[in-house]
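The data blocks that follow each hold one structure.
Okay, so chain A shows up in both of these, paired with chain B first and chain C after.
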Partner chain A sequence: MNILSQWDWSYDGMIVLAGVLCAIAASLPGNFLVLRRISLLGDAVSHAVLPGLAAAFLITHSRSGVAVLVGAVAAGLLTAVLTEWIRDTGKVDEGASMGVVFTTLFALGLVMIVQAADSVDLDPGCVLYGVLEATPLDTVAFGTFEIPRVVIVLGSVVVMNAVFVSLFFKELLISSFDPGLATSEGFSARVLHYLLMILVAITAVASFEAAGNILVVAMFIVPPATAVLLTTRLSHMIVLSAGLAAASAVLGHLSALTIPALFGFRSTSTAGMMTLCSGLIFLVAALFSPQTGMIVTWIRRQRLAMRILSEDMIALLFRLEERLPKQSVQIDTLAQGLLTSRLRTRISVARQKFRGYLLVSADGVCLTETGRIAAAAVVRSHRLWESYLVTEGIDAELIHRQAEKLEHFTDRSLRDRLQKQGSKSEIDPHGSPIPEETDRQTTQE
Partner chain B sequence: MTDTTNPLSVQDLTVAWHRKPVIWDVQFDVAPGQLVGIIGPNGAGKSTLLKAIMDLVPKTSGRIEVFGAPWKKNRHRVGYVPQRESVDWDFPVSVLDVVTMGLYGRIGWFRPVRKKHREAAQRALERVGIGALAHRQISQLSGGQQQRTFLARALVQEADLYLMDEPFAAVDAATEQAIVEILREMRTAGKTALVIHHDLHTVADYFDSVVLLNMRVVAQGPTGIVFTKENLERTYGGRLTLLEEATEAMRRRERSL
Partner chain C sequence: MKSGWSSLWPRKSRKKALLVLPLLPELFVGSVVEAAGPGSVGHLDMLARSLRVLFLQDYNTRVVILGTMLLGMAAGVVGCFTLLRRRALIGDALSHATLPGVGLAFLLAPSMGLEPKSLPVLLCGAAISGAAGVAAILFIRNLPRMKEDAALGIVLSVFFGAGVALLSIVQQLPTGHSAGLESFIYGKTASMTSSDAWLIGIAGILSAGIPLLLFRQFQLLCFDEGFAASRGYPVVALDFLLMTTVVLVTIIGLQAVGLILMVALLVIPAAAARFWTNRLDQMVVIAAMKGSIAGLTGSAISAIFPDVPSGAVIVLVCSVLFFVAMILGQESGVLIRVFRRRTLRLAMDREHLLRGIFELCEEHSTTSSPTDRKLAVTVVSLLKLRTWTQGQLTRQIRKSITEGLVWRKADGAIELTGKGRAEAERLVHHHRLWELYLITHADVAASRVDQEADAVEHVLEPELIAQLEELLKKERFGREIPASPHPLESQPRGSATETPENTPAGQPANESGVPQ
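Entry: the complex of A and B
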């Protein structure tokens, strides 16, 4: 950690600031790329601006200024137009046509840059990886402050993107959610698509030099993709994505300084580490998101599986009792009958003993009176479904499997409707009696 | 309203995709205050017809008049209910947000959504019976509730002509009834609706007139006269019509060149 003691605000501070600005600038329009399911168009445009950039260099022999911007925007729009054109005429999907367009344009850009390298100082490697570490070297005087040029450029892009997103919030929302409706209400989805592409192109070209391609491409997609896992409102998603982007940038620089040092290496690529951090944050969100996270989903699935197992178990006991009343069954027999492990059976038995459904004795387990009522409802659901499915003309061989699934999601009101619409018989298609409804709940809700 | 011009007039409309006609020489008028069903098999070009009316797909030829003027001029008088599956129901917006979108056209570019707009949206949600769900995320809705959301969005548009793409597809009986009631209220208020419909059993009950479509208009007119077994057989006929055979030949020809 002693490496952090060398932290210098005018040096490290400026690198972090440039990274944060780049990350926020990209994440703002990125939200709409992700929501429109054209995330890779951000990637494509960021690569494809290269020939526009190179053409501007070749013509003006300058690395900055309006020419570069114009070249980039032109190349970005060209990518979007060509992608659409190839998709519509070439009978390939959007992904393939994007792949064709941006690799071709990027290669063209590389060829042009190598040609131009004699007259302009430009390094293809720098375009790819960026040199965020060089941020503090090129500054512009602002009164008594020395502000890096990159910070000014990226800061302007952040302001531009923020203004665009808030000014066109409603228009971007409707054209992303329902392009047909948007166009029919006079907000041309196509116009908004191209405006977004212009924004993406400008952001990409502004970030090129400082942060390189990798960081900007990641920040278009990863923070918004993370934010969408964590929120249910677009406005929250946009703010959160900007926050996550900034956090990845800060964490990235800190990690770039400290982590390699722990293993005795020199500090590593800051832009690369920032990108890596945003990926890790995504991973954490995907695992732990409270609504859609893998862990929550896994727990939910386990709980549902346990509920289904428990219902299957009391239903099995109920069916056994139909043949021989008041019998107790050993846990091993239950596990075999339910096609599950002994451990899961034991857990389920414990659960239902706790709920008062089962009695456990040395002879095994048997249903209590409450358990019998609950079991009757499940068995009734099962047999009503079988009767109903037969009247719907479904093959008698298949109805049991269907009913086995449906019985667990059938409440009293659905059972009453099944009875009305089914065969009205008191015997199911396999010849077993359908248990009576035990009138403990009322039919009306 | 004393407007007696036809809400919709479709003349000689042809839409082709890669030279393959999707609809061909479609021509019909819709009189005001009518519920009109568009009936036809899958791939008959029903959705394409609605989209072509609204300029969402390019027309190869033909002319559309909405209340006697081109679509662009009167588009504020038209409400559109797209197919439910056409949007992403995991999108991070609330039910109320979706309904409010129906007002965006009237709010205009750059202006924000205000309280009165949200209140109008809330009233529309109550009218379709899901006022309590206003602040849910749309991913939590059932199929019927999704369709009701779309219907509420159409209601806030306060349009005079509604174009609906299969509003009855895969909804529960209660939702179907709610939609029918609202359509009838609209008719009483002098509005017109053009509705793509699949369930042949309910056509006579729901619609004043029908357009039987299978690439071209097979028949159109008052339901009592046009909705006959014979016309349905012509619309849904299993054999390829000569028109389709010619189309297929054209397409093959083009590919083999």
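Entry: the complex of A and C
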């Protein structure tokens, strides 16, 4: 990686720092946008600030400074207010009213810019695509250090957002989940909503200059959405989303330098790669999140299915032994009896052999003594449930199917209670004897 | 009596009005704007140019106008379904999602021996990555805890970020510079060629045709996804197909008119049409009309004033149509809702007055003979009945006198006329039926039913009344007015204790007001 050997802390370091600050600044208010189901508001505001920028520019004839910020924040706030107004008065759904407002404002901005195009140099491209790579070029002397202006601007936005979120944490929490409760608690959910919108607009505008709109729009949504997959506590979610945002910014710059080099190109857009990295982190979370990840839940489901299959298998062997003691059963017969594939049966047999429940010989498989005890527990659960369900007045036709499910989730203490509550008989409703409880520790969980 | 809800338009002429009314504001806006061109500017060349545009003399203008009209129509049709699916901004997400496909197509086309800048190649790339975006949306939406808006936002930003990264690589290519790729994002409506218009035409017919062919299926998908699934419709496949039509109309529109205009055309005409009608078939027609009219007007304005970007003007025309619809819309516009609320309030006031007089008479009558019941009541006793001010009450009495429902006797007392009496009997009947229903079937305490019934009595439909009568027939006696199941409000406390058993069944039938 000779590309990374050219890494220059005063250059690349500053780009990464600006990216990290931008990502954190956006992800903090983004959490509440995602929770309020208005994730796309970041995108809407980032387009809708155009007329504000244009108006500020037409009035002051300068491209930076307070006027632009004021114009953009006013336009951002206008978007939020108009969206809410159309949603409430027109009974239009949130997304549609957002779509109406931001396209209209953007078109208005375009017309304003084109009208002014004779005298000024302001093209939409430079509003939408700030260049993160240009960060180190524009610096402010700060004692002996040269600090990029962008870093100072974004740093103060991060501080502002962090202060807002920590000051109003409880209010934001309540109003995001239950606006009615917020109002009854004595603060206006609406005022808080508009404060949040102002914050979103300021964050968006500050980030445009630094990184272009795509990075900030992504960081409003993707890290908080990733955090939602990983946790259900709001405080954890906020911290997590900021961390994920920072991580995707760092990874993004690294990959912007290294990945194109693999194909013989120079580096690519850092903001674009940061966005892509946040998307990849989301994908990883979607697949591997401990609580909700698709692969994790799939594995969990497979393990459960395997446990159930194994228990059904030893129970089947136990029942066969009841009729004809000490017999071995072929694997194919087992697979047929358990209504499953031969492969799954083999895997299950191997697993049980490893645990010492089964003996495998040329004749087939048979239960060991330990296996017999475990099997007796399953069968006992099954037959106890059947007796209990019959005493509860469930139709005798249905009890087998119910017991078949419940037997896998019944432990020793539950079995004892079932025995007390069900009929005290030693025989289950189908006429089979209920096995005795063995005192040795069973492997039932 | 005609209820306030439908009195604005008689039912029969409603359907005709529906087809004409939505057109009015469009024609109005169109003609004003186009007439303003020659009139207000006054330059001779401006006039000539406007005339050339209006009569479609320019070949280029003809192409542009035709193209944007077709596009608006197709987007309007597709937009209706995405709007009802609560995915109005899917056009936004998918049009951003096409960008990496464009970049990849540009990068990979030379290695497959294709011309990188040819339109079909780029469109193929855009379509493939759009379809990938659709799949990603469906994937994210089905994750636990993920909502629709987050799915759209993630796909929008991540795909667009990938596209930006790819385009930045494309720009380093020594051979082809990416000039022209930007117009995929911003669009150049005015430079539309006839082949573009043909492409738009074919794709527009295709993407509008799919929802029209599968109208029933898509309708079911939009209104009740679970029901559609239970009826055996392939819901996921239908959903994918619907979003594919969005991709189709989006990629065609993107390169012709640009991203923001595409989003606007997908969202605004459909949302505006929603104000005019509650029926999906009519909504689709109206949205298509609105879309094409916005395309027509917008590109005409842009042709007359060349320094106005046509895409932006089309969006602005769309928004004007939207706000006109939002205010004037016949089904759920602001004005009609205000009007309905006012009509309802007026009806409620009148009904309160009539029922008040009736119940006062009923209470003061000592015998059940109908002639004795024609007692006049004083304004003061009416005033005690509910929380209305003297002014409100006198105004309402005056209004009812002109309507011929009550008349004022020489001593100033108020008495019901024959017409007013019939109306009052109907109202009291409704009120008490509902009270009885609440007591016998909903287990509401007799002391509370008056308030509950007071809120509901004004909006009881005739069908519901018939059902209530049927339901309560065993306890009640047909169409006559049941006795009040609770002491009337202005009654002195003492009289309430005279009849401690207030259960409705305990009262004799001949107290019920009207003799059999």
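In this text, the second predicted complex is superposed on the first by the 283 of 445 C-alpha atoms of A that agree within 3 Å, B and C clash if a C-alpha of one lies under 4 Å from a C-alpha of the other, contacts with A are read in each partner's own complex, and residues count from 1 in each chain.
What we mean here is this: contacts are C-beta pairs under 8 Å (C-beta built on N, C-alpha and C of every residue); 3 or more make two chains touch, one makes a residue touch a chain.
The model shown is predicted, which means the values in this text are computed figures rather than measured ones.
S.K.: With the two complexes overlaid on their shared chain, look at chain A and say whether chain B and chain C clash or fit.
M.R.: clash
S.K.: For A:69, is the partner it touches chain B (first), chain C (second), both, or none of the two (neither)?
M.R.: In the superposition, A:69 contacts neither chain B nor chain C.
S.K.: When both complexes are superposed, which of chain B and chain C contacts more residues belonging to chain A?
M.R.: Of the two chains, more chain A residues are contacted by C.
S.K.: Output check: A:338 vs chain B and chain C. Expected answer is one of first, second, both, neither. What do you get?
M.R.: A:338 contacts neither chain B nor chain C.
S.K.: So, does A:228 touch the first partner chain B, the second partner chain C, both, or neither?
M.R.: both
S.K.: If you stack the two complexes on chain A, which partner ends up touching A:58: first (chain B), second (chain C), both, or neither?
M.R.: It touches nothing on chain B or chain C.
S.K.: Go through the superposed model and pick first if A:110 touches only chain B, second if only chain C, both, or neither.
M.R.: A:110 contacts chain C only, not chain B.
S.K.: When the two structures are overlaid on chain A, which partner does A:296 contact: first (chain B), second (chain C), both, or neither?
M.R.: Touch status of A:296: no partner.
S.K.: Applying the document's definition of touch, where does A:237 land relative to chain B and chain C: first, second, both, or neither?
M.R.: first
S.K.: Among 1-9, 37-45 or 127-135, indicate the stretch of chain C whose C-alpha atoms run into chain B.
M.R.: 1-9
S.K.: What part of chain A is shared between its chain B contacts and its chain C contacts?
M.R.: On chain A, the residues that contact chain B in one structure and chain C in the other are 37, 228, 232.
S.K.: Note which residues of chain A are touching chain B in the complex, please.
M.R.: 35, 37, 167-171, 173-174, 176-178, 180-187, 228, 231-234, 236-237
S.K.: Mind pulling up the chain A residues that touch chain C in the complex?
M.R.: Per the touch definition, chain A meets chain C at residues 34, 37-40, 42-43, 47, 86, 89-100, 103-104, 106-108, 110-111, 114-115, 124-125, 129, 212, 214-215, 217-218, 220-222, 225, 228-229, 232, 256, 260, 263, 265-266, 268-269, 271-276, 278-279, 282, 286, 292, 294.
S.K.: Contact residues on chain C for chain A in the complex?
M.R.: Residues 83, 86-89, 91-92, 139-140, 143-150, 152-154, 156-158, 160-169, 172, 182, 186, 260-261, 263-264, 266-268, 270-271, 274-275, 307-309, 311-313, 315-316, 318-319, 322, 326, 332, 334 of chain C touch chain A in their complex.
S.K.: Show which residues of chain B lie in contact with chain A when the two form their complex.
M.R.: So the residues of chain B in touch with chain A come to 51, 54-56, 75-76, 78, 80, 82, 86-88, 91-94, 97-98, 101-102, 104-105, 107, 109-113, 137, 139, 153.
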